[in-house]
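The same chain A turns up in both complexes below, where it pairs with chain B and then with chain C.
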Partner chain A sequence: MQKSSEEFVNAIENKLNGKIQIQIGTLGKAAITANNGIHRDLIKVMLEVDDQTSIVAITGLDLGTNLGVYYHFRSQSGYYTIKAEVPKDNPHIQTITDLIPGALFAEMEGNDLFGIVFDGHPSPGRLVLSENWPEGVYPLRKDVIANQVKLVPPKNVAAEPDDNKTVKIIIGPQHPALIEPEKFSVSVEGEIVTKVEPRLGYVHRGVEKAAELRTYIQDVYLVERVCGICNGPHAWSFSGAVEKILNVTVPRRAQFIRVITLELNRIHSHLLVLGHAGLEIGYETLFQYFWRDREPIMDLIELTCGNRVYESMISMGGVRRDLKETDSPKIKAVLEDLRKKIPFYKQLYENEPTIKARMKDVGVLKREDAISLGVVGPVARASGYAVDVRKDEPYEVYGEIPFKEIIYTEGDTWARMNVRMDEVEESINIIEYALDNMPKGPIRVDIPREILAGEAVNACEAPRGELFYYVKSNGTDMPDRVKVRTPTFANLPSFFKTAIGGSIADVPANFVSLDPCFSCTDR
Partner chain B sequence: MIDYFILIFRILIFPGFTFILALTLFCDWIERKIEARIQNRVGPLVAGPGGILQPLADFIKLLTKEDIEPTSVKRFVFKFSPLAAFAMMIFAFCFIPIDGASVLSTTGFTGDLLIILTFATIANFILFLAGWASNNPYGIIGSTRVLTQFLGYDIPLYILALSPAFLAGTLSIFGIVQSQTLPYFLLVPWAFVLFIIVMQAELEKDPFDVPHSESEVVGGLETEYTGAKLAFIHLTRDVQVVFGAALVVTLFLGGPNGPVFFGLPTFWHALWFTLKVILVVIISEYLTTIFARLRIDQVLNLNWKIMLPGAILSLLATLAVINWVIPLVM
Partner chain C sequence: MVDTKTWARVKSPWVIHFNSGACNGCDIEIVALFTPKYDVERFGVKLEPSPRHADILLVSGCVTQQCSERLKRVYDQMPEPKFVVAVGACACSGGIFEGNYNVLGGADKVVPVAAYIPGCPPRPEAMIDGLVKLLNTLNPPPKGAKKQIKGASAGVTEEKPVAKE
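Entry: the complex of A and B
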């Protein structure tokens, strides 16, 4: 049953009275301060009160003598943050992976970047840092200067003894199935996958650290570079977080233009992965068709933003370019053309026997697993888990635009692809509505260079799912901490769940149906 | 003396080696062009008019590339299997009557149908060895897939090839071609359709191209190959495709049979043969473009659960035609 945020907070307060402090209205719906140990009880209570509560991110913070561990949660009534602190010289905190399996990667990352030790974590080890990074140097702590770190030769890891039944197939870091570098050791018995061991971090660039060393205006462009495909949502999430700290409202025209930009981004990203999926199942014709249809959308992005790929359109306080009156019919014509083509693809997915053979019942993710792993975006919606930031926490003008939330219940690769196709159609509707209802007026407000001290979380429905930002300012022109939780980071654990027990031949199709983006994941 | 001269000419130039090679490259171009047009692309365009020389250019380019031999390969097999497979395919081709007679200008011998099918199998087995010898996980998986698929689909292929043989009452290719006053695909269309599908699997084309699925096994058996060796593996593949088409033409479409208008009958026979081969290549390429790749277990299921029983049923139906339908018409 859906509960309002007041009910949710009251329920928690009643159960854990006195042990926690609640600040309403900060860092989502409420920030709850809890110490080591209590935070586990708190999470248990949250899961009891709302069984759809799942982890979004774990933010580490350098607070001087202490390290902050902020757990960001999403429940049906909104975002909540649990604040915990551990001393820097003994940074131990109990793991929550047994309560919420989706926290697995987030905790490993906290260990990598801040040295926070999560006691009881099932697979401690490096996640994003490379093997030659020295032990005991945690890059996101304030005392570490990144370019003065001396790299050390990596330790030789003893090879695991082979047994005769399983063969280890290494997918990546260079492999035709992966466009970006990441390594997955897949153990197979015959053709059946028995184990998947990931090694992430091949494209870890330290964007979060770099953001702390740049001004806010530079950071907008920096965070866009986290991901080439969904750069718009990154710029929006960062700008939106800063606007939340400053309590600034963006002019209405700018909000509409932002929506158009974000939706164009979604259409081109979805068409990209739909085509790529065709390539993975050996359906080259489908690939060529989808990418042919993506091209006019890229032209539209160029028309509206001036750039083909990196939009650099959304900035703090508004947008950088206005939409010309004459552009509106051009955009509509292209979108109308695309809308006419979608039924063809829909019936192809419906009727083509080889597509169904390769995608139906492949990589089935059950709804319960989707919730416990904290899966987001089209992957979650294909499993019947209705999570869409545009609906749950409407930002900009999404609240007033009528559009359907696409939900499929099959949870397989086929459903994930269908969710995307339907969403392309919905995005076309959204853009057309926005073009028709866009008021005239200014397109931005001024934002000071130095941002008042404060902190904010902000989430955006990127093409791949919920994109989450935490920004903390300290009164200077540079942010104190920028935390980026990308959708692929949340979706990856589901792949390890669904791949095991399936055929090795299903791995590429299953994997690409997550629309993985590793430069997002690694940042 | 002149006989020897003609024989050498036939083996080396027409309708032997050079002609087969030219036909192969031409069919490769047609394939690429058709695939491109179906996929709304332009395809090869630069080398020669309409890009017709592109396959040749690609072949020459690969010949000039550096030839890397990894240290872990089984040297001998790795080196010679691409050439051996290529030679095997060309040799099998020599038994097909391209211009009315086979390349060796004989009418063949009884049972040469079995011989060329066997050669084709051996050629594929050599390719399997090529992948195996490269000692690379992808190569080994790719080549075992080749073997699994090829051996499986060989059984229905042989059974289906028996239909024309039964109709003609002989296992000699020349005999089969001769007796096709009416092309057999009209008499036994079901066998023709099944044969095309099985051929698609034999040639490892979509939806059966699991040995080459690059998203799973990178380059399959070709993974470790470079330069001239890779060029010959590619060429062998292309010859295989044309050989498959030629087999369909010979068994079901009346081979080089067709009206002779004027001049040399050899020319007209070769023309009809080429046109028919191109038709089959187009059909096969069309099938390739409209399907996604199946999984290896789905491919094998299709083989043992549908294709094999289908082939046996088709043979029984052919026998029924021979025993009851043809006597009625004749």
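Entry: the complex of A and C
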């Protein structure tokens, strides 16, 4: 049963009275301060109170003598943050991966970038930093001038010899199926996958550190460039977090324009991956068809934002460009054309033997696994786990726009693709509603250059799922900390679960059904 | 014979795409090149998965520490003559990520670059234009024309191609 946030907080307070401090209304619905050790009890209680609680992100923070470890959670009643601190000279904290398996990568990242040691972590090691990065230097700590760090020659690690039964197949970093460079060693026994070991970090550019060294206005453009495909949601999430710190409300017309921009972004991203999935199952015609239909949407993005890929439309306080009166019919005409084409693709997915053979029952993710791994977006919704930030925590004007939350229960590759196809249709409805109901008025409010000290979390439904930002300001014109938790970072652990036990030939189709984006994952 | 080889190279260059740390912006535009609207296959440009079959290496994105070695390896695996095209502001100079701790800089820090296509990301038309300019440098100059400027480039042909925009 769904509980309100007051009930949720009260239930926790009753069980752990005296051990924790609760601040209502900061960093989501509430921020709860807990010491090392108590944080595990707290998480157990949270899971008892609401079994749909799952981890969103773990933010490391440099607080001077201490390191902050902030655990961000999402439950049915909203976002909660657990604040813990560890001393810098002995940064040990107990792992939570046994309680919540989805925290695996988040803890590895905290170790990499802040040197926080999570005692009991099942696979400690590098996640994003390169092999030639020196041990014991943590780039996101404030005392490290990261671009002056002396690199060391990488250690030569002898490859483990294959035993008689298993063969290791290396996919990447340069591989025709991957647009982005990442490495996966897939162990197979015959045709069956037994183990998948990832090596991420090929696209790690250090965006979070760079954001601390640039002003807020520059940061909007920087965080857009975390990911070229879903750049709009990145700009929105960062701007929205700053607006939350300042308690600014964006003009209504700007909110509608933001919704239109975000939904156009979703349509182009979904069509992109639907086409890409065709390529991965050896159905190139489907790829060419989807990308042909995607081009008019790119033209619409260019019409409204002025650029094909990077929109640079959303900024702090509003949007940068207004929609012209004459744009509305043009947008509607293109969307109407697209809407007419969707039934064709739907019947292809229903009837085409190639698609059914390669996608049905491939990479099945069960609902309970989806919850414990903290999966988001279309991947979660294809497994029957209803999580959509637009519905759960409506931002901008999503609360008043009628649209369906697309849920499938099969949990396989086929369902994940169908979720996206149906969402394209819903996005068309949302844009049409927004165009019809958009009021006249100003499109932005002024935001000061220097942002008052404060912190905020903000989440948005990007095409790949929930995109989460944590921004901490310190009164200057540069942020103190910007944390980005991208949807692929949350979805990736599910691939390692679903690939094992399946055929090696199913790996590409299963993998692309997550819509993986490594520039997001590595940042 | 040389003329025939050059003719074949100009009429059907095979390209390989390597992302050395890009944000996907350039990459989706490179893929868009091979889809119906831009369709560079009509110029004989073919996207080739293996470096061993490719003539042109399209590099997108700034070069990250971990990718630099791999980029060099992909380049070394290509047969001569080979050309590198840096696609996008990041591959040209490091772009917005210039100076970050995990970023080496542009593609020319690791491999010799023959053509730079700026933009964030460059439009597909700009990429086609860059490719055409690069291929034009392969053709022997018309009689009486000035000799081409030498510069950072790859390839064993007599005239070293430079097509800097």
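One rule holds in what follows: the second predicted complex is superposed on the first by the 523 of 523 C-alpha atoms of A that agree within 3 Å, B and C clash if a C-alpha of one lies under 4 Å from a C-alpha of the other, contacts with A are read in each partner's own complex, and residues count from 1 in each chain.
Assume contacts are C-beta pairs under 8 Å (C-beta built on N, C-alpha and C of every residue); 3 or more make two chains touch, one makes a residue touch a chain.
These numbers were taken from a predicted model, which means no experiment stands behind them.
**Student:** Based on the superposed arrangement around chain A, label chain B with chain C as either clash or fit.
**Tutor:** fit
**Student:** Between chain B and chain C, whom does A:L452 touch in the aligned arrangement: first, second, both, or neither?
**Tutor:** neither
**Student:** Taking the superposition on A as described, I'd like to know which of chain B and chain C A:I179 touches: first, second, both or neither.
**Tutor:** Second partner only.
**Student:** Between chain B (first) and chain C (second), which does A:V167 come into contact with in this model arrangement: first, second, both, or neither?
**Tutor:** first
**Student:** Once chain A of both complexes is superposed, is A:A333 in touch with chain B (first), chain C (second), both, or neither?
**Tutor:** neither
**Student:** With the two complexes superposed on chain A, say which partner A:I24 touches: chain B (first), chain C (second), both, or neither.
**Tutor:** A:I24 sits against neither chain B nor chain C.
**Student:** Tell me which partner A:I217 touches in the superposition: chain B (first), chain C (second), both or neither.
**Tutor:** neither
**Student:** Now for A:V152: first (chain B), second (chain C), both, or neither, which partner does it touch?
**Tutor:** So A:V152 meets neither chain B nor chain C here.
**Student:** What's your read, chain B or chain C touching more residues of chain A?
**Tutor:** It is C that touches the greater number of chain A residues.
**Student:** Quick check on the superposed pair: does A:Q288 touch chain B, chain C, both, or neither? Answer first, second, both or neither.
**Tutor:** Both partners.
**Student:** Give me the angle at the C-alpha centre of chain A between the C-alpha centres of chain B and chain C, rounded to the nearest 10 degrees.
**Tutor:** Rounded to the nearest ten degrees, it is 50.
**Student:** Between chain B and chain C, what minimal C-alpha to C-alpha distance in angstrom results from the superposition?
**Tutor:** Checking C-alpha atoms only, chain B sits 5 Å from chain C at its nearest point.
**Student:** Touching chain B in one complex and chain C in the other: list those residues of chain A.
**Tutor:** 175-176, 288, 292
**Student:** Can you tell me which positions in chain C touch chain A when the two form their complex?
**Tutor:** Per the stated touch rule, the residues are 17-29, 31-32, 35-37, 49-51, 61-62, 64-67, 70, 74, 96-97, 99-103, 120-121, 123.
**Student:** Touching residues of chain A toward chain C in the complex: what are they?
**Tutor:** Against chain C, chain A makes touches at 129-133, 139, 146-147, 149, 151, 173-176, 179-181, 201-207, 209-210, 221-222, 225-229, 231, 272, 275, 287-288, 291-292, 295, 298, 308-310, 517, 519.
**Student:** In the complex formed with chain B, which residues of chain A make contact?
**Tutor:** Residue list for chain A touching chain B: 167, 169-170, 175-177, 191, 278-286, 288-289, 292, 352, 354-355, 357-358, 503-508.
**Student:** Along chain B, where are the residues that touch chain A in the complex?
**Tutor:** 35, 38-41, 137, 141, 206-207, 209-210, 213-216, 218, 289-298
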